[in-house]
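Dropping a structure here in structure tokens format, bear with me for questions.
A, B, C and D are the chain letters, set down in written order, and residue numbers restart from 1 in every chain.
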């Protein structure tokens, strides 16, 4: 199963696996509740979700592996994904305004019947959003990253042509930021 | 035909194909650097029909977004609305009655046939043959009439609801659908003889516009574009959703990687869709079309949900990040043509303009769906 | 050499087949409807713009609850009402009751996306779809429908 | 002397009238024909069967403003449409419609028609170049290379026929085929067994020379927008349009004269102008029919067809026929 091998190699990215694994166990056991806390920290905890790998139930969420990591480790993770033969579905962002963070979400999937959807997330401070580009590994990410830059203003470091794609060429606004006023 | 290019410095010129050009089927613009008839470099410029559906998805309640999805792709709208309702149902755990799911599949497949028919006509028109478009539209009209009688609109359907359907199909629809299948099969034979066999047509497509499997993977191409490059990928089979596992159908895959392979894939897909419709009409269970207990207000629990469906153009994904309110926190649409189109810049380098436009036609573009 | 000629021959043959098909189509009857002179009947479920439904006495069924206004994704419905006192006989006594009466019901058809959410959200079956489809005008104002007016015109 | 000038003027006026009328009503025929093939009626609102459509179109075109794009070469831009129409009309002068109906019979009629026909490429080149449009220039280059490469097999085929009949006079060419279908050049005889092939080559070349689909690369709507006449509006466009259809009539007339026995009846009965007109309109119908059936070729496919198939075969035909003529 490709899922297990990918899980293993992705877990290898986290140098201090012990606390992460623990958290996975608790979160997976608690299911919805834990997910809720993690996504909506305003309710109970103020901290966002810790970095790590979570295995998800496909039927409930629509993807199998959910990885959160630092922008610095992004390229290593994408490299693993690329080696395993995944294709890039999309790149997008989420604006977590209460945590002063922007999240970049990468979706990967596979062409064969060994289905495995991987979601990689990385967070970057809202004031100075910057993540490395993956368009060197996946040229298809070029447009997706440009689109994310359009909508969220996230700078993709090393992107060859980071100009507005869907918005007008002179656009200096980022409509999907939660504090955007048209 | 890609030929050797010996570019003299300063000998190239920029050709703006679009935003108003007969071959781009809408407001797409490709900035091509040309050396005579050869394309040296191409840059696609998007956004001429960008409407920010994703922001609308955040500003509106879940049911209010329903009509938006069919505005994405006006040719195969039902596939997109299907993806949306499935995503919201997955997020909020709504059970769908079996009859509703069957009707959804039947109508989606009908819409897929309609979409491919129109593509077929428009593609041949790209190559300069106008008449097949008219024949294709005649058959497509039959489907649209049928869908209009049941959904109430012809292109921008708003037919699916969270948990079921807007209204049930009647016997008239079933009779017409049954009559449609043999009629369509006959038409497909006609198209085969008129277009597929035609030497001019074949000469224009055979070996033209190669897109390798590796390129598909790197750019995330899905749907008939990927299947024309020997990739056996169809969300209906790979990640079965709805009631598709209960149907017996094949996924056409061709290894030639050229425009003709993509043509064949779509033509065969129509036949497979007819098979699905046939089986669906036979198996159609009785029962309600809406669940008994349906939440009055749709408020999915907090979380990040993803749903992929196979539309006429490829794998359409929808991501809903919910914060537990009646509006989505983030509403991401992953449109298949966006990825398919992004490989055009690389694929058309070194081609002649007429071949590049044939390649563009074979990608099956619907611009509102790229720009969203 | 043989391949060269067989390709030419097969090519010509395929062209002849194509010509045969279009020739046959040439003699088939036309399938189009000459639109302004003939029109097709709209199907029963056709969703045109909305229209108010009246009671037996000709007043609109609408109770001005505003559900349709809230359901509309594009905010193209605006309605206003006033409360009217009226007397009913309950158990032999005359009682004064209040009810809301619709005073205006405007549909801004320029932004309507014909999704039908309003009709679905209505709990009183007070609105329906019209079957009008050849609406064309070069003035924006022509598409701000006063549905109450239309209802009166229909009745008169 | 003055009588000859008057004669010539009358002949030219009649030729212009015939060309213009034909051009106008062939557009109508094309649209009706395309409509029937596509199972729709075509223009049918103006007048009975839509017969008033061409005058209405003409009126519309004439009342429109002629826009000259900024930076265009005005002289070339203006002269190109005229160059499209004028040679076509001139060619009519020498075409014999029947034994007596011919404006000016010449003993080198074939040569004259080809001389004028080659001017057509010039007008496309000037139009594309003069309008300062990238699509126009590309289309012009295409159209010129197309016209040159198709003139070769066409002329070789004509040489074969001239060799067989020994005359360049169109009237005599027809006279040589009189008497019935078995005398037509189309029908293979002992000394010319490859004549049907020559006919096919000539037919294809006529399609290509008149820029008709599937060889309409100069216009190539889905690639080059409208090709060489992208920037033309009003009557400039109208002249191109009329020139195209006048060329089609000339092409059909040439095929009729060279291969189908001109005004002769297939059975040798009642020869006359009606047979000639019947034949050319049948040919024109087949042009329309072909246009609305096939997709467009590519520029290299078009050149390949000419240089790799048509020219070798027509050359072979020429040599073969020459040899046979020597033997018999």
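Rule of thumb we're sticking to: contacts are C-beta pairs under 8 Å (C-beta built on N, C-alpha and C of every residue); 3 or more make two chains touch, one makes a residue touch a chain.
All values reported here derive from a predicted model rather than from experimental measurement.
Common partners of chain B and chain D, by the touch rule above, are C.
Distance from each chain's C-alpha mean to the overall C-alpha mean is smallest for B. Among the inter-chain contacts, the highest number of C-beta pairs connects A-B.
Each chain gets a centre from the mean of its Cα atoms; the one farthest from the centre of chain B is D.
Averaged C-alpha coordinates give centres for chain A and chain C that are 43 Å from one another. If you average the CA atoms of chain A and of chain D, the two centres end up 65 Å from each other. The mean-CA centres of chain C and chain D are about 52 angstrom from one another, to the nearest whole unit. One simple way to say how far apart two chains are is to compare their mean CA positions; for chain B and chain C this gives 27 Å. The residues of chain C that reach two or more other chains are 15, 18, 21-22, 25, 31, listed in rising order. Residue positions 37-40, 292-294 of chain D each touch two or more of the other chains.
Taken together, the chains touch in the following pairs: A-B, B-C, B-D, C-D. Against chain D, the residues of chain C that register as touching in their complex are 8, 15, 18-19, 21-23, 25-32, 34. Here chain C touches chain B in the complex through residues 10-12, 14-15, 17-18, 21-22, 25, 31, 43-47, 71-73, 113-117, 120, 129, going by the rule given at the top. Against chain A, in their complex, chain B makes its touches with residues 46-47, 50, 52, 54-55, 58, 87, 90, 216-222, 226, 231-233, 237-239, 301-308, 315, 317, 319, 321, 323-324, 329-330, 332, 334, 338-339, 342-343, 346, 371-372. Chain B makes touch with chain D in their complex at residues 1, 13, 15, 21-23, 34, 36-37, 124-131, 134-135, 138, 194-195, 198, 200-201, 203-204, 352-355, 357.
By the touch criterion stated above, chain D contacts chain C in their complex at residues 33, 35-41, 44, 289-290, 292-294, 309.
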